[in-house]
Every structure is written in C-alpha cells, then in structure tokens.
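First, the structure itself, so that you have it in front of you.
A, B, C, D, E and F label the chains in the order they appear, each numbered from 1.
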Amino acid sequence: MPYVNVRITPGATRRQKAELIAGVTELLVRVLDKNPDTTHVVIDEVEPDNWGLGGLPVDEFRKRGNG
Amino acid sequence: MPYVNVRITPGATRRQKAELIAGVTELLVRVLDKNPDTTHVVIDEVEPDNWGLGGLPVDEFRKRGNG
Amino acid sequence: MPYVNVRITPGATRRQKAELIAGVTELLVRVLDKNPDTTHVVIDEVEPDNWGLGGLPVDEFRKRGNG
Amino acid sequence: MPYVNVRITPGATRRQKAELIAGVTELLVRVLDKNPDTTHVVIDEVEPDNWGLGGLPVDEFRKRGNG
Amino acid sequence: MPYVNVRITPGATRRQKAELIAGVTELLVRVLDKNPDTTHVVIDEVEPDNWGLGGLPVDEFRKRGNG
Amino acid sequence: MPYVNVRITPGATRRQKAELIAGVTELLVRVLDKNPDTTHVVIDEVEPDNWGLGGLPVDEFRKRGNG
C-alpha cells in the first residue's frame, strides 16, 4: 500500500515524472504515515486523441478556450 | 465528474474515438444531468497479445469462433 | 472486449444505471461493431468526500459555484 | 486532465483525505502547470481482506513483521 | 511491482479471496520471477446492479441464459 | 465477469503473457467457478520511468538494493 495511478497527457520530462513520484510518496508518508517502500506510483501517459473533455478530444476542447 | 475509462483493442480511427467521446458524454448529460466540462472520457488501446478472454490471447479466442 | 469503467458520485437510480449500461453498450456496437455479449460496463460509485476537483472535496468545489 | 486515483486501506479521516486531494492537486499544478479545475483526484478505500501483499491478505503480511 | 486488480461481483468468502491473492502472486513469481513482497493484488467487489454485460445488468443477462 | 488488470514493467515475452492469461483464468474458474468465456485478463506494460516505488523511479529503487 498504497497504489496511486496518475493519468496525464504526454509531455512531462523524466525529471518531472520523478518529481511527481517523489511528491506523491512524500505526501502519503506525511499525511497517512505510509511505508514508502510499499507505496507504488504509476504514471499513465494518454494521447490527446484518446482523452475527451466537454464531449470533445482534449485538443479541440482547449482550442475553444477551455481547461 | 464523471470519469469514464474505455478499454478496447487498437483499430478505432480518430473520428470513431471522437464519436465515442461525444456519445459517452452526451449519455451522461442526458441520463444523469452531468456537466460535460468536467466529464472525462479516456480511451486505452490494449494490444491483442495483452488481452485475454476464455484463458487465451484474444486473437486465438476469436480464431476458435468465439467473441 | 471492450471494458468500460464509469466512475460517478452516488445518486443514480437502478434504472438510470441500467440506462447507462445499455447506452454505452449500444454506442460501442454502433461505432465499433463490438460484440455486446463480451462488452463489460462497470459503474463505480465514489463518495463525495473521496472525489477531489480544484484541490477540494467535490461538495466544497460545488459550493464555490463550480462544476 | 489529469486524473489521479489513490488506493489505500480504510482509516484516513475526512480531513486527511482533503489534505491528500489538496496536496496531489498542488503538486500537479506546481510540477506540470495543470489546471486545478479539471484535475480529478479520486480516493478508493479497499478493505484489508481485499488487499494482498507477499501473497497474503495485508493484515497477515503485517503480522509477519513486513510492510 | 506488479499491481494486479481483480474485479468480481460479491460472494467470495474471506478464504477464497486469500486463495486468489496467493494464487495470483505465485503465478507472477513463477512466470516472471517477480518479488512477492512488492506484488500487490487488490480485489474490488462490484454490485450486480453496477456490472453490465450484453447491455444489461448482469443478473438480467444471466436470467436470459447467458454468461 | 470477472475483469483482471495485471500491471507490470515491460519484458514479458508473448508466451509468458499467454501463460499469465491462462493462469489467472484457471485460478478464477477453480476458486470461484467463473465462466472463462466472460473472464477478461488485461495486461498493461508500464515503462520503468513511469513506475515509482520508495519515492523513486523503479530502476533507481532497484539500484539501491531494494525490491
């Protein structure tokens, strides 16, 4: 425990992903006193064509001045 | 809210994926009066070797006249 | 195939959930010619305290006139 | 975007869950400049009987001085 | 690693769930030489009203002599 | 039913993935008498940079003699 799944569109650098992993783990240790060595953080990178918001693929949603 | 994850094997075109995103969002708006602008639809495309059905990789399952 | 996971906060009636199941399945049959008898639609109902948006539990997010 | 799913065993208070939601959202805003108003954080609480580690239900795993 | 999520409808006993946890872990150790102490197996029990197959809630799907 | 999601880092061969699919399905048939033809097993392969353990990307975690 725990298992955290972070789903984002591509673009994060290796360093940023390492920062997310460290930050989420630190948060769970600080707030819930979890054991970092059994805390899994898994990042999924989802292509924009495959992510819909407002009924549109996210790139189109953004073009309409949203999100 | 809501968050909808659609898992399929590859092959859907960009237009078909946009149609799934629009259709799922419209359904949630119509049935549950959800706000489309906070309704996420995420499509995952899973390779056939990685999808099992009937204890077999799906291509083999289909060859046996199933699914 | 396919597998669809719909995550919402509680409140949908049994009939509405059946409508979501039918609607998502019909969409996948129509758009991608999928076999309804191997199409799974799973609805998860997540308590508002456990769903965050805008950095807040969703009920507080809504009170601030969002979502 | 993004969607973050945090899976933990029960025991977190309402305030701690709000702290997790705020902390994860702040991290994604700081590291990846994400929009907090479309950043979803969903917490799932899984009963110990339903969480296995080391081939055992987690309570038994802990009794053996692990995790 | 690995993380395995088993989604079933309710009804499994505590002993059966422990058997699933042990069996999945043993399989990953045997086939992929994974470390059991960082192998998570999480079981989700989904109410029949919330699980759709063939466009129907699963109990109705079964009544029609399927599945 | 059921739906099983196996998340691992890349490296499993096609034959090993078929063995996982067969093994998980056999386990669910044996322990819970499930119908193999509606039992889905989906394998996700997650890049090491995207999998964190102990607050580190998994390759670094392993280099420190863990896991």
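Simple rule for what comes next: a contact is a pair of C-beta atoms (placed from the backbone, for glycine too) under 8 Å apart; a residue touches a chain by one contact, two chains touch by 3 or more.
Composition by chain, UniProt nomenclature: A, B, C, D, E, F = Tautomerase.
In this text the structure is predicted, and so the values were computed from the model without any measurement.
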Labels of chains that are neighbours to subunit C and to subunit F: B, E
Check B-F against A-E and say which one is joined by more contacting C-beta pairs. B-F
Measure off the straight-line distance from the CA centroid of subunit B to the CA centroid of subunit D, and report it in whole Å. 25
Calculate how many whole Å lie between the centre of subunit E and the centre of subunit F, each centre taken as the average of the chain's C-alpha atoms. 13
Once you find the CA centre of subunit C and the CA centre of subunit E, what distance in Å lies between them? 20
Identify all positions of subunit E at which a residue touches two or more other chains, and write them in rising order. 1, 3, 7, 20, 24, 37-38, 40, 42, 51, 53, 67
Once you've mapped the touching chain pairs, tell me: line, ring, star, complete or other? other
In contact, pair by pair, are chains A-B, A-D, A-E, A-F, B-C, B-D, B-F, C-D, C-E, C-F, D-E, E-F
Under the stated contact criterion, what part of subunit A meets subunit D in this complex? 1-9, 11-12, 16, 19-20, 23-24, 27-28, 31-32, 34-35, 37-38, 51, 53, 58, 67
Residue set of subunit F touching subunit B in the complex reads 14, 17-18, 20-22, 24-26, 29, 36-37, 39-45
If we count contacts the way the header does, which residues on subunit E are in touch with subunit C in the complex? 7, 46, 49-57, 66-67
Contact residues on subunit A for subunit E in the complex? 1, 3, 37-38, 40, 42
